Each structure stands twice: as structure tokens, then as C-alpha cells.
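One structure, pasted below without further comment.
Labels for the chains are A, B, C and D, by order of writing; each one numbers its residues from 1.
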Amino acid sequence: MTYSVAVSGASGYAGGEILRLLADHPDFEVRTVTAHSNAGQPLVAVQPHLRTFTHLTLQETTAETLAGHDVVFLALPHGASGAIAAQLDPETLVIDCGADHRLERPDEWAAFYGGEHHGAWSYGVPELPRLSGTQRDRLTGSRRIAAPGCNASTVALSLAPGIRAGVIEDRDLVSVLAVGPSGAGKSLKAHLLAGEILGSANPYSVGGVHRHIPEITQALRWAGAARPTISFTPVIVPMSRGILATSTARIVPGTDAATVRAAWDDAYAGERFVQVLPAGQFPRTADVLGANTALMGVAVDEAAGRVVVVTAVDNLVKGTAGAAVQSANIALGLAESTGLPVNGVAP
Amino acid sequence: MTYSVAVSGASGYAGGEILRLLADHPDFEVRTVTAHSNAGQPLVAVQPHLRTFTHLTLQETTAETLAGHDVVFLALPHGASGAIAAQLDPETLVIDCGADHRLERPDEWAAFYGGEHHGAWSYGVPELPRLSGTQRDRLTGSRRIAAPGCNASTVALSLAPGIRAGVIEDRDLVSVLAVGPSGAGKSLKAHLLAGEILGSANPYSVGGVHRHIPEITQALRWAGAARPTISFTPVIVPMSRGILATSTARIVPGTDAATVRAAWDDAYAGERFVQVLPAGQFPRTADVLGANTALMGVAVDEAAGRVVVVTAVDNLVKGTAGAAVQSANIALGLAESTGLPVNGVAP
Amino acid sequence: MTYSVAVSGASGYAGGEILRLLADHPDFEVRTVTAHSNAGQPLVAVQPHLRTFTHLTLQETTAETLAGHDVVFLALPHGASGAIAAQLDPETLVIDCGADHRLERPDEWAAFYGGEHHGAWSYGVPELPRLSGTQRDRLTGSRRIAAPGCNASTVALSLAPGIRAGVIEDRDLVSVLAVGPSGAGKSLKAHLLAGEILGSANPYSVGGVHRHIPEITQALRWAGAARPTISFTPVIVPMSRGILATSTARIVPGTDAATVRAAWDDAYAGERFVQVLPAGQFPRTADVLGANTALMGVAVDEAAGRVVVVTAVDNLVKGTAGAAVQSANIALGLAESTGLPVNGVAP
Amino acid sequence: MTYSVAVSGASGYAGGEILRLLADHPDFEVRTVTAHSNAGQPLVAVQPHLRTFTHLTLQETTAETLAGHDVVFLALPHGASGAIAAQLDPETLVIDCGADHRLERPDEWAAFYGGEHHGAWSYGVPELPRLSGTQRDRLTGSRRIAAPGCNASTVALSLAPGIRAGVIEDRDLVSVLAVGPSGAGKSLKAHLLAGEILGSANPYSVGGVHRHIPEITQALRWAGAARPTISFTPVIVPMSRGILATSTARIVPGTDAATVRAAWDDAYAGERFVQVLPAGQFPRTADVLGANTALMGVAVDEAAGRVVVVTAVDNLVKGTAGAAVQSANIALGLAESTGLPVNGVAP
């Protein structure tokens, strides 16, 4: 069967990427696209790269325009999706690309976001190792899915295998990310101007204040961590898309290098969209540009007593829109990889 | 008086930057520039941005062409400077921008470089805190100076204050750097092609194998560390110059945030070229582009129990050529800041 | 049926892009990939973004390894394909991505390339308007196809409609292109290093010497130009892929603006891969990144008496590999758009 | 003597660059910096690269705060400077970096800007060839100077020598520019976001509508053109600064190549800040980054019957702030090159 689809926030980066992926998806038909200030315009006036959608016009984002579809993707500013989702049919598959439904703990929500906590939906990172099985098991049949934060899911995928296997400690985790500015959305903010970003590396949310931190520690607790702590620093670098996360952790004393490596190899054996490279190889973000692939390299630094995991993802695909579509495939019982590219666009 | 100067390796990035700085230096007069494959060409054919040196022609790099100057800057491939330096007058001030004379310990030289160890010269990072005083004290009157590795000096400046003040532990140090490709020199290597680097973040020398690691731990021992270990990962990002180093360390338990911060504020109080930003502010590499300035932001992440130090330098200036000129100024008894820009070229 | 395919030059940018497209092509099966210095390595060691081809190993590029396939793509250095092609079965479909078989006139070959002229094959730009019909007609059933030069085909598509319709003069044509460095291939040349290209705009082959000039004028003669002359200047800019060609021509006196515009609208009406935007809109290269699409904006500058045509293509897709696959589809009687993306990857 | 200086618009790109240059100027002392929404903040909070101005606080931009200085630089939005300038002492040297006082003809002002025309001030491009002498002659002793549009002055400098010498025709001029986004200022506009510009080449103001066109033709008329027409297209490319202008013109029939070239060599012989490269060499924008230098390459394309002039400038220096300071030096009778760098920051 063909599922009818609505995409809200279709004028932004996440919404545009969902549409780019759905254009090649055989089971989904995009019927409705909505926006805020751009409502009334042809979609292609705002997203001129989406040549296959020249027939669509942006409508207002309301519960009414989104109602009556089998699947609704919400790509709205944080805080905006809770109210709309509440008005949609419980049988409609709703995937929220915002942060509103990612965190289980009200105290963490309060500390990092504030305002009303709407509760947690099924977290849309299928391959994420959990103490038992993977996150995939929680997605089958779900009708409410929270697509992950792009930085958070990249780091969670990088460290969870070692936590679950008991080969790394859950304290003194460190992750530093080189990220493209599209992860911050198409927002009119001075620090996102090209003049500020071209030719420069710019840190932000330094020192334990980034909102993706509780999302990471939540995922690591799912993998078995007791009280995980992580020093997390994102750095905007001059590339339109991509995350290169360098994550390191202290190896549990007495664990040999082969055992450490095996934790990652085992966790992702057979996964199409999370691939661990052979020893000595490390990924570049260009390798996964446009693809739903997380590429990972793992090194054991014996002198430092730490494992180093370098992971490349496209923040808009595996980090957001690809995770959303992959999760939707699972929820609906479709083949998980339907419509999702695995090869990157390089150079 | 005016000092006569020769610059070898003048066709490369480090050599070109030394010349750019010397063009505005009132006490140095560049008489000789040398190169390898480009010998015989006008300097400006290879370095077209150096409009004030249209009168210079590249000569062969030999001890003979370099002899007879008051100051000789060596910007040669690693391994090439030892033999040439040995033939220069002991009273000539020689500054080596290569790695040959940076490491004191033969075992570390053997482990990371191999080949003959030429011994250590005065290390050219004046502001580096040592257990007693600063590295500046070792540069006064010196006639043999080793300019630092750009990544190494950036990380050493970032962490040494906390080590010296006893507020951070010397194990589980972690540093991840976003670096521009000019730090790797003008080498014809496939991974340095623009097609490989544009739009991508590319890690290299991952897992404890980068040659700057022993240079960092040597500097931290000078500051008082007993057995420092560091996980060090550089990531090439698409900007021509710049290093943004994010370094983190475990805070010694029981140390309050103000005491932590004070270690950095105190270490660099009064320094012109190493400046610590007010709390809550962090530097961008564009802020120091073309300048001999290291800008530093310090955050205390209490949840993670770690301090985070973000430092921006221009790898070719404070990281190499500026460090060389600043050290030469000190060695010769000139005002330390002569000829050295402190304002960056932004945006 | 499924056609067996060999790709030579598979370690380069053009070869890699052919493989990326073929990965999603239902009628082609890649059996053999060949290279020169990388022969013996796994393909994915050199092209780590091609995750669906982990089973392939690079073989030596010889007539023997390429023989026995239904389709052979040659992505070799200029001058290398003639000899190999001569040894392949005349019934094999051979598509040459090099320049060897693009030019009809021996005198132009001699003037811009020199060496032996191998004669012209069917030129692989299907939509190119000719005095009668389009270039597509010459591709049906062909077994020897010359994929175009990326700059040349972009400019030819930009100007041929006006020539054929008789609304622009064929003298004083001017085209200036912003191009990404991947168009120059993965060559170890100093001017292609990231350090040279990041943060800079660099012209090359200025003043009538670029090898794509005779390819452009040949195409314009096919469209009806008597003695076309063009001032052609490419400028390398810091983006990995993409061509933005700004082409201008003198409007034939007395032609009104609507008639001028109609020449382009008519030429490409119904084309999937060459699209003319509505008046007042102009394309960006990001809009076609990764896609086989040429997007075009046309403006009439009445004060200057000239039409301005701005065309965006991805040099590796519509400019090279996509043109090759599209032409192969036509030659074999497959649906022309099979396996070819039309939506770009933006931002 | 030391001149007291006020800089308005000090939080923007042009204002920041004026300050960067003045920091190294021995005869100017910056006493006052003003801004609009950032008034009240320390200058260095908004311009963190200007480390020598940590003592300055941004004040409100009013005639009162600007009064009482010897020199006032206005770097305000277009339309804002006329009213303020009218309130400043006629003996104060006022340099306006906006467009308000560039155009002599009210009809051109009305056509391209609209609103009140404030009349033309001395145009701040000293080297610009005029039928008799250079523009420099109009700047000596002036107290009201209009700094040029960055694109306009680059193109005017490129073409005026050929016009004045009578070697090129003044019709069918074409200029296409690769420009960095800093030329558009620090404006919160969607098309200036990093996500839109990274990895892409984006044209704007295509088809004869760009506001710099009348400024170019005005300058060409000063050089002797009767009715100049130019097709002018700027393309934003992913570099923070820089303009690479490719300008072409039809050579007057019968003019030999040496005569053509001599027009440019003669026009700029002896100029420090406008330099013509030897035949066969062309500039890159990196060669002039941060410098007050226009580098120019000239080619004669005999087949096309056109001259091609490729000129690189830094839009913020020679294109704006450097032009302003250089003009101020002339107006006040200082050495023209005081405080102005001629070497670029490359790579």
C-alpha cells in the first residue's frame, strides 16, 4: 500500500531533507507540506533543489492541514510540536524531529529546556545498543517517534557499544564534535551568518550546557551506564553538513585491545547504516554526505589508556531526516532500508 | 642596529609566513631566501602575496648561501635542518621551524620520529608556564631555538596553567583539534587536495600516534606533571589556517571553580600574545587569523568534573612563524612584540 | 536484462561518481573496476563512500580486464582511452569520459591538445539543441560515446538555445565560470592543494587557451552558429563540486525580451534534466549537488543589450558521470532517466 | 600631529576593518566608536579580533557623539549617512563608506536607489585613471569623501585603463565577479546564512539591476567613455572575503596586443596598491587578503577579439576600509600608504 504523508516545517533544513528522502521512497506519497512564514508559496520557491515536488504549495501548519494522513513528520521549532501532536489521531504515525519528546526524565527536561515536559516517545535510533537488544525493538509498531538530536545520536552510537560490553568506564567520557551549521537550522542568527563561519572554527555551548547532553546520558544509561558523565563540546566548522564526533573513554583496566574493539564490531555486525571500519581506518564526513550512514573508526590508545571512537554522520540524514524515515519504516513494518541511501556523495 | 636575515624553505607555507612578518619588522632585513625545487625563481612567482619582496630571488638551500647572516630561519622538511645548522656559526641566531630540535628525550625521539636525534634547542614558546617562571627565561640570549609544533604549543599553552597550579590531574587529558590544512605544509599528498578537504572534516593520526604528543607531554612535565597522558586527535577542517583546540582535564577533587579559573588568569596575566577571555566567552579561529595571538576560553563543567579550555591560534603565526620571530626578538634583546600583529583579520 | 559493466579509472573522481550512480541503477551490474597505481586494493579503500561496493577489488586497467562486458566506462587521463578503446569489441558500448573523442576537427584537436587525433564519437549531451532536433538523436543505438567536458557542456547548454532561435549573435559571447576543484580530477598538483584553494578564488587558463573552448564552439556550430567566438574564463572557488556558469551574449537588435526568453523555454520544454527557472529566479550550485540536473536562469539586460544565462550543474554528475549514464541509457534503449537523481542535496 | 578619529557602524564588517587598519596607523587615534543595537557593549564583545581596542565601549550613533573629532568614518546602512554628515563641522574630514554620496547624476540615483539624492562627494579610489590625471587629484584637501562600492571600484580599476587609452570599446563590456559574503555586511538575511553559502556558488542581482552598475559607468565616463554599457553579474562564493573580477571588453579593431597591454601597465606604473602582474600571470584573492592591494592580470584573447582583465581585491580593504584610510591620508596630506598593508595573508 502507499501511505499518505504530511511534512510540517517543510521550508526548513530538516523538513527539506525529509522531502528529499521521501522523493525516492516507493511506499510514501507526500500530499501536504506546511510552513509558517512561507505558507502560500510554492515549495520549490523555498527549496529549489526539490525538483520532483514542483506541484506542491506550502500550507499553514495547523492540526487541520496535517490531519487525515497516515504519516506526519513534524520538523518544527522546539516546543511547537507537543500541542499539534496532541490533536492528531492516535493511529497516525507521528515522527517529531524536534526535542519535545526525547527525554524521559522531567528533571533533565527542566534543567536543559524548561517549560512543559510532554513526555518521551520512542527514540528513533534503531541501531542503538541497549542492555538487552537494540532500540529497534521499541520502534516496531510505534505510532509516536522522537527523531534524535543529531549530535546526541552520533555520540550515543559512538559510546554505547563500549558501555554495554563493559569495556569502558562511564565517567570522564569526552566528546568533541566538528559540525556543519545546517544542524542549527535555517535561523536568522548572527553567529550563523556565512561571514562568521567561513574560514573559522567556532565553539558553542561549551562547558556542560549543551541540550544534547542529557539525551546522550539517557542513551548510555539504556546501554547500562550507572551514572555517566560526559564533557561535550561542539565546534562549528565551514562545511554545510556533517558531524565528525571524536569520543574517548577510559578503558576498564585489564581489558585488552582486541576485546575493546570487539565491543564495537559486535554491536554493529550486520547493520547496514552503522558500519565500523577496519582497524586503522577512520571516516571523513564527506564519505556519508547525503547518506543515512554512520561510519565509525575505533582506536585503542594504550599509552593514554583510552579508546577513541571517530564517527561521521550527515546531521540532516542519519542525524535527523534519515533517522526519521528509517524509524517510520520500522514502525510500519516496511523493509527498514527502504528509500534510504547508504553511499555518500564524495568528493 | 639592523640584523641581516636568511630564510630557508622560503617557498613553503612556514617560510612564506616568516617573510610576511619580517616585512613589517623594523630591525630585520631579509637578504637571502632559499628553496629546493623552486631555486632560481623570483620569490614572488612562488609567493605572489609578498609584494614587498619583488626584488628577491630564491637560491639553493645550502650552508654557504645561509652563512654570513645574523639570523637564519630554517623552514625545512623534518630531518633536514640538523646537518645544515651544524655548519652555521655558533654566534648566528638559528631558529628551526622543523621538529629536529624540539624533544629532549632520545627515547621519545626514537619512538615518534626515528633516525638520528640532534638534541633539544631552546623551545620557542615564551609564555609557556614552567614550574618556576616561564619558558621565556630560556630564550634570552639563546642562539639555537626550536620553534614549536603548532598543535603541540596550542595544547601545551591550554593545559600547562592548570598543571602548574595543581588544579587538574595529569592523567586522562583529552585534546581534540580542528585544524586547517596549511599546518601540513605545501606537500603534494592526496589527502591534502582541495577535493578531499572541502566540505568535509577529516581526522588523522588517531589513537596516540601523532608526533606532537611527546612535545605536549614534555611541556606539561616542565609545568610539573609527573606522568602526563593525553588522548590527542587532530581533525582537518575546511579553513586555510587556524587551530581550535578543545582540551579537557579532570579537576582535582575539592577544587572550586574560581580557583580553577584563576590558574589560567594568573598564568597569562599581562601577556600580550596569550589572552584569556572573560568567563562565558570562547574564541573563534577567525579572531586570530594572521595574528600572533592565542585566545583562550576556560569553562568549568561541574557535572563532568572537568575543565574545558578552548584555544584559538593561527597555526602559521603563533603556531610557527610568529613564535619564531617572537623568540628571535627575545633572544636578541629586542622588544618582544616587535613586528608582530595582535589583532586578527576577521571576518 | 541486466548489462554487465566495467569502470576504468575507478579510483578517480569521475570513476567514483559513475559507480555511485550505477549503484542505484536497476539495469547495470558493475562486475569490474580498474585503476592504475591503486590496482590490487579494495575499491572501498580508495572510495570509502561507496559502501555498496565493498566486494570489489581494483584491477589493472588493460583491454583484457575490460573485455567481455556489455558496457565499459573509461575515466582515464586524456590521451589514454584511444588505444584501449580500439581493442574493445565494436558491439560493446564504450563511453569515454576523457577528451580524446570529443572534437570533430583535426585542426582544433591539434591546436588545443596536440598528438594523435582519434576522431569524434557521439557527443553525450542529449538535450543539446541542434539546428534540427537535439543531440539525443545521435545517441540512440550508438556504441561509442564521448562524455562531455563539464565546463563545455554547461556553456553549450546555456547558449545553444539562443543561437538556434536566432535571437543572439555568435560573436562577443562571454562565459565566466565558478567551478569546484573536483573538475580537475584527483591530481597531485600544487594549485589543487586545499591550502591554495580554501578561502580564495583562483582563475586559470585565462585568455582563450582553455581546452573546452573548441568543444563549446563546435556545439554552437551544431546549433547554427557560423563563426562563434567566446571569451571563456574558469575560476576555481572553494566548493568541492559544482559549476556556476554566467554566460552572456549580444541580443540580435530588434528582438524583444519575450522572444529572447522563449528561445530557452522552448528548447528545454519537457526536459527532465535541463530546467529553465521562472523569470527572475537563478540557480545555485547547491540546488543540483549530486543530481543530473542543469538548472538555468535567463535574464534580459536591456540597458546592456545582452542576455545573461546563469546555469548550475554538478560537474561530476550532469557534467560527467550523469551525462555518461544518461547517454548509455539512450544508446541501449533504456528509459533515459533510469538511475539518475534529479533532486539536489542542499543545503 | 595626531588626528582624533570617530568610527560609526563600528560593530559591522566595514567598521571593524577600518578599526583594524587604524590600529596600525601612527597618525590616527581612535577616540570614539559608535553602533546602533550594540551601543553600550564593549567593542571587543562584538569585534573580538580587535585586541588593541579593549578599552573602547560602543556609543550611540548620533551627531553629538561623532562631533569634535578631526576625522569621522561613517560605516552606516545606505541612506543613514546624509543626515548625520550634514550636522558635522565642514572642516571635519568625513569619509562615508555607504552609497549615499557616490553618484553624481540624480537620474541614476533615482533609478538604482530612490529616495533623496544627497549629491556626490570626492570618490575614494585614488588610482582610478581619468581622462586627465587620476582620481587622486580630487582627493587632496577634500573634507568629504565617498568610499567606493567594493565591486564597483574593482571593475572600474579593471576597465578604465583601456577606456582611457582608447584600446577597448565602451559597449559590450562584461564583468562577472566571484565575491565573498562579507561584502553584503553583517545583515540577518536568509541568503547570507552559512548553510546557504557553504559549498555553493550563488548569483544575485542578475540582469542589469545591481546598484554598483551606475558607479562603474560613472567611473568609465571619467576615463573617457561616451556611453558605456556593462553586463555585470556578482556570484557569492564560499570565502569570507575577496573579490575576483573577470572583466572583458572588445578590443578596438586594429590594436595590437602589446598596445593593449601597455594601457594597463602605463596606467598603474609606480602605484603601490594597484599592481599589474607580468603577462601570463593572474591573481588569486588569497594573495590580497587583508591587504590594500589590487592585483591585476591582463590577457589578450585574439581569437575572441577581447581583452580579459582579472583583478583580485579584498572587498573590506581595498574595496572599502583601505580605500577610506588611503583617501583620508591623501586628504590630510599624509604619506598615502601610511598604515596600509600591501602584502596579503596567504594561504
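Operating definition for what follows: a contact is a pair of C-beta atoms (placed from the backbone, for glycine too) under 8 Å apart; a residue touches a chain by one contact, two chains touch by 3 or more.
If you want to know which protein each chain is, UniProt gives these names: A, B, C, D = N-acetyl-gamma-glutamyl-phosphate reductase.
Everything numeric in this text was worked out from a predicted model, so none of it was measured.
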Taking contacts as defined above, which has more of them, A-B or A-D?
A-B
Return the chain whose centre of C-alpha atoms lies at maximal distance from the corresponding centre of subunit D.
A
Centre-of-Cα separation between subunit B and subunit A, whole angstrom:
37
Can you compute the centre-to-centre distance for subunit A and subunit D, using the mean CA position of each chain? Integer Å is fine.
45
Subunit A residues touching 2+ other chains are 13, 182, 186, 195-196, 198-200, 238-241, 283-284, 286-287, 289, 346-347
So with touch defined the way it is at the top, what topology do the chains form here? Options are line, ring, star, complete, other.
complete
Which part of subunit C faces subunit B closely enough to touch in the complex?
13, 180-182, 186-190, 192-200, 238-240
Complex contacts: residues of subunit C adjacent to subunit A
13, 16, 20, 23-24, 45, 47-52, 182, 186, 198-199, 240-241, 275, 277, 281, 283-284, 286-291, 293, 295, 341-347
Which stretch or stretches of subunit B touch subunit A in the complex?
171-172, 174, 176, 178, 195-196, 198-204, 206-208, 213, 229-231, 233, 235, 237-240, 242, 244, 246, 248, 250, 282-287, 289, 297, 299-306, 308, 310, 312, 346-347
